[in-house]
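Think of it as A, B, C and D in the order they're written, each chain with its own count starting at 1.
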Amino acid sequence: MSDLFTESSSQWLSRDELEAARERLPMLYVDAVPVRVDETGTVTAFGLLLRVSGDGEISRALISGRVLYQERVRTALLRHLEKDLGPLALPKLPAHPQPFTVAEYFPIRGVTPFHDARQHAVSLAYVVPVEGDCHPQQDALELAWFTPEQAADPEVQQAMAGGQGTLLRQALAVCGF
Amino acid sequence: MSDLFTESSSQWLSRDELEAARERLPMLYVDAVPVRVDETGTVTAFGLLLRVSGDGEISRALISGRVLYQERVRTALLRHLEKDLGPLALPKLPAHPQPFTVAEYFPIRGVTPFHDARQHAVSLAYVVPVEGDCHPQQDALELAWFTPEQAADPEVQQAMAGGQGTLLRQALAVCGF
Amino acid sequence: MSDLFTESSSQWLSRDELEAARERLPMLYVDAVPVRVDETGTVTAFGLLLRVSGDGEISRALISGRVLYQERVRTALLRHLEKDLGPLALPKLPAHPQPFTVAEYFPIRGVTPFHDARQHAVSLAYVVPVEGDCHPQQDALELAWFTPEQAADPEVQQAMAGGQGTLLRQALAVCGF
Amino acid sequence: MSDLFTESSSQWLSRDELEAARERLPMLYVDAVPVRVDETGTVTAFGLLLRVSGDGEISRALISGRVLYQERVRTALLRHLEKDLGPLALPKLPAHPQPFTVAEYFPIRGVTPFHDARQHAVSLAYVVPVEGDCHPQQDALELAWFTPEQAADPEVQQAMAGGQGTLLRQALAVCGF
């Protein structure tokens, strides 16, 4: 059954079919905010992905992706964490299934703080401590660690697409900052 | 735009198309546990829907339903609460978007405590105080109030379909019982 | 037993004795963020107390106070809400005992974002919708409602004493802003 | 300052003084439910302390203890975890300060599900994954791991003192069981 859960196997939902579904149903997503914690569990750094676009512009993002058919939410979280941070990141998923918030990405701007032009996505958001080495697996992608003070900078947050700056601010708040 | 959000209008996603999507994507749901609270906010009763089937058997259920395309989670909650409790129930939705848990209903039994033969549904679960009069709108449907002690009865919980007894038990725990 | 719970009766813990305890034990507090919500539960305004000091300076504050011996946390919340908002405020306490955060006020600055020169206080923080009329009961005290945008203003938050601006920011985040 | 935080140093609040305070103020506590998790964060076992009394009776308990003056809640959690599980347990404290519930232990039975004849204690409760080796440090104390099914057994829960069976049940619910 495990091959149901790989990214490539989701292709049996053909690209056209996925596009059609995206115009008619909310898509289920997960968002992960990777963090470094000290021995008391206090967050010392928030991880943001840096993407360098073709024209050299840098955009910052959280880890985000779709939950597949018959995939557990936890499995989806691990899959997207591994895809973006590499296989040695050692993420520690929370024991609670409760997300810290639910981010509703609408195709129309202004309904919520979150926006996704392609689709209506509803995302379960989690703060995930990672203990290992993080090496993004894709080209033109890096991971940078921000102290809580740096992550709280409105400029950092405003430069994030789709309203993810709001999600980062909410993650900071939930972690006591 | 509001007609997008009515149950009937979802028919523009034809029954066949919805069936096809159900075999390929997780469906986004909400579950609501209606409660009565006293003036200190303490839950005094949990509401369960009673359905009488054709052969006279009674089944108990929580309020549950799909989130539609471009519908807010809050709007979906209100819509399903009104559909099952009537327009005078006066539900008080939580100020926090955070659900108390996420219930993953799988078409295969045993993956999680939750099961739905028709589909893979991921449901955001909320406890919702209702202050008004509750009158189920459909035939063969009643609402019954259970004290916390009655709701904690394993027999009550085991008689609920799809693992919703587990969700009721989790709602009791979250409310301090 | 109810007279145990009134503010005046706590005087049987004499002022001297309370001062002595404050130097040796963490004090248990509650913080409440009063909000107005619309029919979908979305917060439309955050309430801040305005205190005018002798020299005409205005300070803004959340509702905050001690939990007494043998007093329920819920009862303490209601007591402080009534004391600061009057008897007609109709606060709707959450059904969940879980606070949205725990604020640790230290007598030394810099240990946490929260500071209280008099004592080490640990406060359970709740967002509380209020539906009625709010009339502060004490002289030199007013309640003002701030839209989420106004409440998010760093200037508003920085003007609050003891780090309560951080608590207001966390309440905004928890409510989806 | 660290010597303020050791159990022995709390003796500068003499035994008599602590007794006096216990009759007049709520005491701030933490409760920890140690768990083993698999690589997806799913709880595989709940840890209970077993105490053998002089007459050979076994009682089961959660990890529980007081928060000291000027001690962080996190530090108190770590201190009590280390005291009861030994220095090699490697507890992973949550990044969120939010407890999963607040347990109010009253000296009078029946006010809440929680009871403590000595005092009014208000306890912040956390589920804490532990990754290392657990070796209780005190005589007549052992740690036993229970599967979620075993921990859900009403007999196990009823045999716990002070209502901690209720807290264990709430921890199970919060972890998705």
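The definition used in the following text is that a contact is a pair of C-beta atoms (placed from the backbone, for glycine too) under 8 Å apart; a residue touches a chain by one contact, two chains touch by 3 or more.
What you see is a predicted model; the values in this text were computed from it and never measured.
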Between the pairs B-C and A-B, the one where more C-beta pairs touch: A-B
Shared interface numbering between subunit D and subunit B [over half = same, under half = different]: same
Distance between the centres, which are taken as Cα means, of subunit B and subunit A, whole angstrom: 28
Inter-chain centre distance, subunit B versus subunit C - centres from mean C-alpha coordinates, in Å: 34
Sequence positions of subunit D contacting 2 or more other chains: 72, 96-98, 100-101, 112, 174, 176
Subunit A to subunit C touching residues, read off their complex: 101, 112-113, 166, 169-170, 172-174, 176-177
Contact set on subunit A toward subunit D in their complex: 35, 37, 39-43, 72, 74-75, 78, 92-98, 100, 127, 129, 174-176
Subunit A residues within the subunit B interface of the complex: 12-13, 17, 21, 23-28, 67-73, 96-102, 104, 106-108, 111-112, 120, 122, 124
